[in-house]
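Each of the next two complexes has chain A plus one more chain, namely chain B in the first and chain C in the second.
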Partner chain A sequence: MIAVEAVNSSSTAAGDTQMDRVKQEQASGVADRSTKRPLDIRDHGDTGAYKTIGTPFVKDAKMTARGVNVFYGDKQAIFDVSLDIGRNEVIAMIGPSGCGKSTFLRTLNRMNDIIPGCSVKGDFSLDGDNIYGEDQDTVLLRARVGMVFQKPNPFPKSIYENVAYGPRIHGLAHNKAEMDEIVEDSLRRASLFTEVKDQLDKPGTGLSGGQQQRLCIARAIAVNPEVILMDEPCSALDPIATARIEELIDELKENYTIAIVTHSMQQAARVSQRTAYFHLGKLIEVGNTKQVFTMPRHELTENYITGRFG
Partner chain B sequence: MNNMSNQHSSKTTAAIRASLKKRYRRERRFRWYGRLAVLTGFVFLFILLADIISKGTPAFTQHYIQVSVNLDAASLDLPSDPSREQLYSADYLGAIKSSLRAMFPEVTGRKEKRLLYRLVSVGAEYDLRDMVLENPELLGHTSEIWLRAHAEAGSYLKGQVGSDSLEADRKVKDLQIVWLDQLEAEGRTESRFNTTFFTQGDSREPEMAGIRVALYGSFFTLLVTFAIAFPIGVSAAVYLEEFAPRNRLTDLIEININNLAAVPSIVFGLLGLAVFINFFELPRSAPLVGGIVLSLMTLPTIIITSRASIQAVSPSIRQAALGVGASKLQTVLHHVLPVAMPGILTGSIIGMAQALGESAPLLMIGMVAFIMDVPHGVTDPATVLPVQIFLWADSPERGFTEKTSAAIMVLMGFLILMNALAVYLRKRFELK
Partner chain C sequence: MHKTGPHGQHISQRYDAELEDLRASVLKMGGMVEQQGRAALESLVKGDEELARSVAKSDKQVNEIELKISDQCTDILARRQPTAGDLRLVIAIIRIVANLERIGDEAAKIGRMAKKLVDGNERQSYHSEPRHLGEGVLEMLKGALDAFARRDTDTAMEVIARDLQIDEEFKALNRLLMTHMMEHPNRLKNMLRVNSCARAFERIGDHATNLCEEVIYLVAGRDVRHLSLAEIRERLQN
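So, the complex of A and B:
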């Protein structure tokens, strides 16, 4: 019942007409799941008291989350989710819109703190440090757990300044030469340096969408974080720019732990080692990416990855 | 079937075509309304400016009359070897009067003599005194000296009043006109740029009145206003927008700020009188108090516009800054404020322009006083441009009519300067 409410909050005009149609189908008794393809997410069941299927926990966890519940005011967005993020792995979080995957991602570096009325319950740790502990400083946490957002959001400053900003406020460079080195290194690791090396003083907002997103990644890795959270980093990019970002993620996983939220199942399959499937605020299934995409164990996961809804 | 659909489509086309004409007609009509509105605005603006400029321009010139002044000890009522004090208090007026009488020996009647003396300004004796104090060698000789013309004589020489009107309707009398024509024919009149207007304070005599006190007063007042209203306004906006919790109290504060913006300005003047002058005993007529009062009036404008421009900053920039580990204050200072600054400056300039043109609250705190001495700081008594305009507009002398318009021109110049500064600052912030 609660689950239905959660969906209602994100329902659109299109959703309403769909609901009407489903109602009609149910009334006339033609709603047959084996032949029809009911697109309405609410037809895919109230999971009620549930248990995550698969392997949410790993041995060598970089970050752990236990019993996470997130509320936006009275609305519950995440229900009792427990998940580990392994060291130097790429974990993909997939699921239909409004399933709470972005919300969960944002709990990991406390970006939800800035949303009024949002409350987070549960135990989180980063290398054993309690993320929501009283002595945990959000500034320090966000320096250790960097973030790349859905829409490229470079600062309206020069390319150099975009990358140098983080190291500067954290005092990571002691002189200009060191800063230059950090900036160049970060841009190189974000495979952007060769394209922008002659225009470092030009505004970052003047770059193309894909370049802007790589600039944002460079900005995130400039402060040398341990974990990088990526919230649908390619949703605003064309296929070529997306491919470059995916290559980049592949390279970055050597040194960083990456959690990526994506709407593209192909992307999840390509870049991640583990995949977590969220559904209406619940973590339905977690497992090895290959296994999740080839042999999903939960009906909902199967329905989602085979495109029954989403 | 095909025929029918053809028929149908031709019918639709006809219907659309018929309505098209009407739609385009409406569009044309609307465009003309727009042009008419803009044109009306421009016409009114043009009339206003033309009126002010045509009335105000003569105020920037001042006529002088050349008089052969006998500066010997006897006519100045001085001992043979005068000290500086004696020079200072010598009878320059008597010297001028006797010189004028010498130039027009036919004038004998008491009334006529009075008219004759009124050709030169009341201030001419002080001008003469300053000349003598500067060049003591003038003493003991008869020199040709340019004396400041009286405002009424000046208005005749400027062609503002003619001899064709009834004598009773004008201050400059027929006799004076005859003398002035004679002086003009002898080349003894001259029009100069009126430096007095920019170097002196107010005066009872139009030809002696200047705008300097008001100009300095306005400058000091705005300085105080800006120094108080800008930092407080921007900090309040930043706090309310970025840090304050959203609750009943902040809602109430927001409503009250919006209401404050609509409070009649004279109420702020009353508040200033009661609180700053009567309670805190700050000096009367001072730009300090004027500035404080105007900053109270300007604060709501600055807060509201600053909040709007802070709100308009994309949240993605805030997220980006927080995402790399900037603290909230760093996020605001390094990223939000620079982006919001052009908007904040625009709002502040609108507020300051309002303050510059405000006179009512300043009347309440005594900035309407008659002040001749140029203020040297924010605590010296002063008046401001709009109050000076109000005072001059209230004076019956013809000479003040042109001064009023001239003061309005100066006020507008001040405003244009402020706006230019704002545009410059905005451009600089936008480039960064």
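So, the complex of A and C:
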């Protein structure tokens, strides 16, 4: 301390050092942060026109959604959202509870159709096909656009039957040998086969949570989907099971297009190439994940991902 | 120019306190090296042996606070996983303290030289040759620390621009000292010491420039290291 004090006393003539200036600023109430109230969950609540910041559109999109509005009865849940899901990419949708991210995800394979009072407006396409067209078979659509849910929900059947069910109803296997191959291949792609190969006839519900979720992923990919929607697939899993699912997502993106809704910002940052930030039913910002997590362009995005509200 | 940066409080008040504490530590360290630099210049131009000795030894405290700040950064990275503006703050600070520590080293070096010059028992006017250069560099350092405290990229740009003048001034001083050396070969050793001091000030100017580049990264999210002034302006515009 002695040396610094010596320096201190000797330079008082020079005076205006950094600490002095900061003290003066603090005394005079000049703060470096802006004095206006920061934007938070209450803001951007008006229902007028707005513009999504960033890059919602990509070249050669796998799925496109344009001018999407979703209502639950009188209540509007999604406001004029337009977004592309790029081919063989993982897009993460983040935002505070009630922001519409899950609702939007469910419009992509018409899961909202089964909710009474829910109406969906807008144009959706999958490789150019209108997925809300009158001649669109929703069962076929959901085979092309599969879904994995928050809570693992295996059928109360054997592990084998869980995976074989989809291919059977879609007629993808012509005999037992083909079906065995589909089941094994799907379980392998879901990184589950080696763990369950000796107990394929045991109930799927007897597996651990992480294994059950991988079983559900195997079930989803058994019907050869093009897109996999994941609605908080890891929220019921421990960190190790979560890491395995994330590793799996990384492998699956080689062959599939994946849209994932997650409450874990770190997970969005880890697994996705693009990130979309939803807020009170609006799509506020879309960008490359690296950009969104290092230099978000909208104040709401910044405040949400840095933990200033949510 | 103020782009998106941290606005308002975190839900976790403790996290706010940690980040504020970190910022305060950096400002404190900045204040310490600024005082060191000022004392180094004063000891050199006035030939103040006492002061020179204290400057020569003062880098110990700076090293200590550097370790403390590094530890704070590691702690926040490990426990908070900062993102966006918070992440840029921590990353910028890690690089800022490295530069501040080097500035402290340069100031201590000047202190050691100043001490030897006094020991050399020659009260010659050339001791004070680096006065103007030193003052210019200390202005840069002050500007850089202000730019950090206020998240002000305009001030940062001014400081970066100023480094070009400092470099020119150092070259001119170099030529001047060489002329002195030729005229008075018996004072060669001390002249070289004065030249080393000038060199150390010039290095402090470079570190101040680095600080400003970190301020631009922190505020605007653009990595502008190793770019020319014109290139930096261009990056800031788009």
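Just so it is clear, the second predicted complex is superposed on the first by the 264 of 310 C-alpha atoms of A that agree within 3 Å, B and C clash if a C-alpha of one lies under 4 Å from a C-alpha of the other, contacts with A are read in each partner's own complex, and residues count from 1 in each chain.
Definition applied: a contact is a pair of C-beta atoms (placed from the backbone, for glycine too) under 8 Å apart; a residue touches a chain by one contact, two chains touch by 3 or more.
As the structure is a prediction and not an experimental result, all values here were calculated from the model.
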(message) Tell me the contact category for A:P154 with respect to chain B and chain C: first, second, both or neither.
(response) first
(request) Kindly classify A:P56 by the partners it touches after superposition: chain B alone (first), chain C alone (second), both, or neither? (result) neither
(request) Using the superposition on chain A described above, determine whether A:Q266 touches chain B (first), chain C (second), both, or neither. (result) second
(request) Please indicate which partner A:M295 is in contact with in the superposed arrangement: first for chain B, second for chain C, both, or neither. (result) second
(request) Give one of first, second, both or neither to describe whether A:G95 is in contact with chain B, with chain C, with both, or with none. (result) neither
(message) Can you tell me whether chain B or chain C touches more residues on chain A?
(response) C
(message) Quick check on the complex: what are the chain A residues that touch chain B?
(response) 109, 111, 114, 116, 139-143, 146-149, 151, 153-157, 165-166, 169-170, 216, 219-220, 222-223
(message) Which stretch or stretches of chain C touch chain A in the complex?
(response) 2, 4-12, 15, 27-28, 30-32, 34-36, 38-39, 42, 48, 50-51, 54-55, 57-58, 60-61, 81-88, 142, 145-146, 149-151, 221
(request) Using the touch definition up top, name the residues of chain B that touch chain A in the complex. (result) 246, 314, 316-327, 330, 334-335, 338-339, 432
(request) Enumerate the contact residues on chain A facing chain C in the complex. (result) 1-4, 6-8, 10-11, 14, 16-22, 25, 32-34, 37-40, 265-266, 269, 293-299, 301-303, 305-310
